[in-house]
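In what comes next, subunit A is part of two complexes: it sits with subunit B in the first one and with subunit C in the second one.
Our next item is the complex of A and B:
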């Protein structure tokens, strides 16, 4: 488990998402990477029943990189509490359907090809919500290192080279406060939560 | 189970947990204050109970109405939490009311004007005692007759047994029951000797039947000398009778598979158990049957694995024999030998005997034992699941797999967890290691025998695992071990060797042991070079140059030639030592001023005689000295003295 940085890639005007994915795939393959299957990160959000007081949201994530785990983040409005559990957690959420109702319309996922290039692992995800295309998320993981601080410059250089100078590369908001901490899989999930929440707010987007 | 254990239970000293927050913090209830505690204890007092005890003299009607009113009072007492003493006050008030009513009644009754107390006559039940007595007598008589008949029968058999001093069936059954699982099915007693309860999942059952031995046979056996016969007879199914064991042998691969199977099929079993069939004690008989069952399970498992595994050289299962290739040219044969009485009579003993002698000598008891151990470990793992057992999760996955979800293990870790080594793979690894160890031992011993000059001492670690061991090799010269010694460590694995040399270099060698041999020879010559330099330093000689990889001379089959150049303390003599693994050690000497210096036209000055002359080789074998270093020391000593 290394350090992962999630970066949004803007889709240029009058271009489709598949075009961008193909463009980035060509660039990565030119660097000498090899494709290693597909990946999928999905998020489903549950809203607490209004009778339980202030509305809380539970986000349930699955990441194909950790196939045995279910990540859940409880958003109380003031702070986020996360729990990592095994696959049975999905069944538990079904039992709790009286208290937490699923917002099916907001089910959002990012999926696409997964590449490996030496110590790097690159994932090109096209984000879709209800089959409507929302954008492109590029995930880059540097596997040998576990603290973000030590590897941030390397990752930035790599991303800059891959995505081109037009894309500004900033450290993710979530990682800013914990650059010196040991990176764990839940940090990746928090980054996805940030981006997914942003995508949900954007209405009207071109379809693929 | 027989020794009961006292368990004391007491309330924890901790306070009760009121709430557990989302982040796992526990909020405790504050402990009760003195007055609160008193109120709580006072509420616990059962007033109804004490009233019953004190007011035995009261009339029934009164006390029942009392308890009824108590019940009514209790409910508001529990519900109203207005004031902790509320229920206590209510109860006390009720008691006061009752006591004053009682006092009033008593005072009225005492005057005998308005009220008189009369004893109440209980109703007489009309009955006829004689009928009952007869009825009971008849019933008791019938029951007594049944018991008496039983006693009579038991006594008869007991006296008969006692007079002939025969063993007791029930005592034997009790003993059997202590060690074996028995149950009664209609009129027969059936036992189970399988390893199911210990975690086995083998499909074959191990049912045996317990019967009472015929008395004539017991009497017959008792008349003969020997141990006291048992009154029990156990009947084991025919497929579990006899003796079985797993034979494990390692042998050189034979060109023809058929001959291999022929010779190996003749592995002989160690006859039957001492004593024959019926005379055998049931304990030994059951143990033997259980062993047969165990061996069958082991072999069935190994055979299934051998078929499933796809090795580069496929494993073969022929009849009662599994063949697996351990190392190139070496085969591991695992066979199931089961000898149940019937076949033994048919087989002709002459044909089997000579082959069994050779077969037995090869049988590897250590590997057989590890096979047994491996299967028992599988059984143990089947029944002993790691704690804690989740209330909702599945039972069975390993602890690592249970934690994989919450610890967010990635796919590589999960793949790693799903890999499980089969018994056959493990036993092949152990066999491989066994061969590697034996071969390295052989190589080290032969080198130690061949090379006398530096001594080669190898220390094998006594503690090792079935698939890894470690040997430390010291190279030193006799008498000079304090001056220089070279040590290296060799880890013997399953198919490879790992050598850690003195300079920290790690070399991985294959199962071809010529590599180890070459490495040790290289180490020996390196040792000689470093040792001669160390001796020179002790003698005050000066090291002018040294090279461990000389580019000159013929190409060596292994390693490179090395050399060093030493100068005497006053600089007038020089020693050159050249060491080639294929040739050996050569020593050359030069001295200055050279004796054969003559001025010529080219070299006119006299001073050039100090350059030193041509090197001349010394015949080492003619020199005095126990070993090479000793010779060098003597040489240096004599060259140091002023000539």
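Our next item is the complex of A and C:
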């Protein structure tokens, strides 16, 4: 497990998501990477019933990189609390359906090809919500290092080279206060939460 | 109902979260109580998470004792302790041991209950291992 940065890649006005994925795939392969299967990160959100007072949201994530785990983030409105559990946590959410109901129409996922290039692992994800295309998320992981501070400059340079000068590369909001902490898989999930929440707010739909 | 378990002797092990449902209806003629259950290993912020989720702590206790297995049956022989405040040693609730016999089985597999009954009978008269009538217990607590 290394440090991961998740970056949005803007899709040009008259281009499709598939086109962008193919373009980035070509660039990565030209760098000498090899494709190592597919990946998938998904998120389903459950809302508490109104009679319980302030609305709380439970976000349930799965990541194909950690296939035996379920990541759960509880958003109380003022703070986030996370729990990492094994696969049965999904069944528990079904048992809680009296108090927490799933907002099926906001189920969102990012999936696509996964590449390895030396110490880097690159994932090109098309984000879809309810089968409608929302955008492109590029995930880059540098595996030999576990603190963001030590590796941020390297990751930025790599991302900038891959995505081109038109894409601004900033440290993820979630990592800013944790640059010196040990990076763990939940930090990747928080980055996905940040991006997925932003995508959900965008109402416009585009074709793939 | 949810229960959170934590090993006190192996502190780096994950928390165990257990969901247990109500005893199945039509339980009367069965030799044991049958309840649905889910066991989930979880990371450390579980207590905060459950509190914010809307759960309230009902009780907390610690147990120390022995665990045996016989086939799929799990038998625990343990003393129940009150959670100690500060540096006081934990205080046992009673000098007796609590013996519990349980099996985790797929839904509808009730045959194992007869084996459990047979096993429980072997322990008499030293251990009175009987099916507990939860309805009656609830009633007693209410009065």
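What we mean here is this: the second predicted complex is superposed on the first by the 208 of 208 C-alpha atoms of A that agree within 3 Å, B and C clash if a C-alpha of one lies under 4 Å from a C-alpha of the other, contacts with A are read in each partner's own complex, and residues count from 1 in each chain.
Keep this in mind: a residue touches a chain if its C-beta (ideal position, glycine included) is under 8 Å from a C-beta of that chain, and two chains touch if they have at least 3 such contacts.
Every value quoted in this text rests on a predicted model; they were computed, and no experiment measured them.
J.: Please work out whether A:126 is in contact with subunit B alone, subunit C alone, both, or neither, and reply first, second, both or neither.
T.: Once the two structures are laid over each other on A, A:126 reaches no partner at all.
J.: For A:185, using the defined touch cut-off, is the partner it touches subunit B, subunit C, both, or neither? Pick first, second, both or neither.
T.: A:185: touches subunit B, not subunit C.
J.: First (subunit B), second (subunit C), both or neither: which does A:56 touch?
T.: The answer is second: A:56 touches subunit C but not subunit B.
J.: Taking the superposition as given, does A:110 touch the first partner, subunit B, the second, subunit C, both, or neither?
T.: Touch status of A:110: no partner.
J.: Should A:74 be classified as contacting the first partner (subunit B), the second (subunit C), both, or neither?
T.: both
J.: When the two structures are overlaid on chain A, which partner does A:65 contact: first (subunit B), second (subunit C), both, or neither?
T.: Only subunit B is touched by A:65; subunit C is not.
J.: Between subunit B (first) and subunit C (second), which does A:99 come into contact with in this model arrangement: first, second, both, or neither?
T.: A:99 sits against subunit C, while subunit B stays out of touch.
J.: Once chain A of both complexes is superposed, is A:82 in touch with subunit B (first), subunit C (second), both, or neither?
T.: Only subunit C is touched by A:82; subunit B is not.
J.: Please identify the positions on subunit A that touch both subunit B and subunit C, taking each partner from its own complex.
T.: Residues common to the subunit A contacts of subunit C and of subunit B are 74, 81, 84-86, 88, listed in rising order.
J.: Touching subunit C in the complex: which residues of subunit A?
T.: 48, 52, 56, 58, 72, 74, 76, 81-86, 88-89, 91-92, 95-96, 99-100
J.: Which residues of subunit C touch subunit A in their complex?
T.: The contact residues of subunit C facing subunit A are 17, 19, 21, 38-43, 45-46, 48-49, 52-54.
J.: Quick check: in the complex, which residue numbers of subunit A touch subunit B?
T.: Result: residues 1, 64-71, 74, 81, 84-88, 184-186 of subunit A touch subunit B.
J.: In their shared complex, at which residues does subunit B touch subunit A?
T.: 22-23, 392-393, 401-402, 404-411, 414
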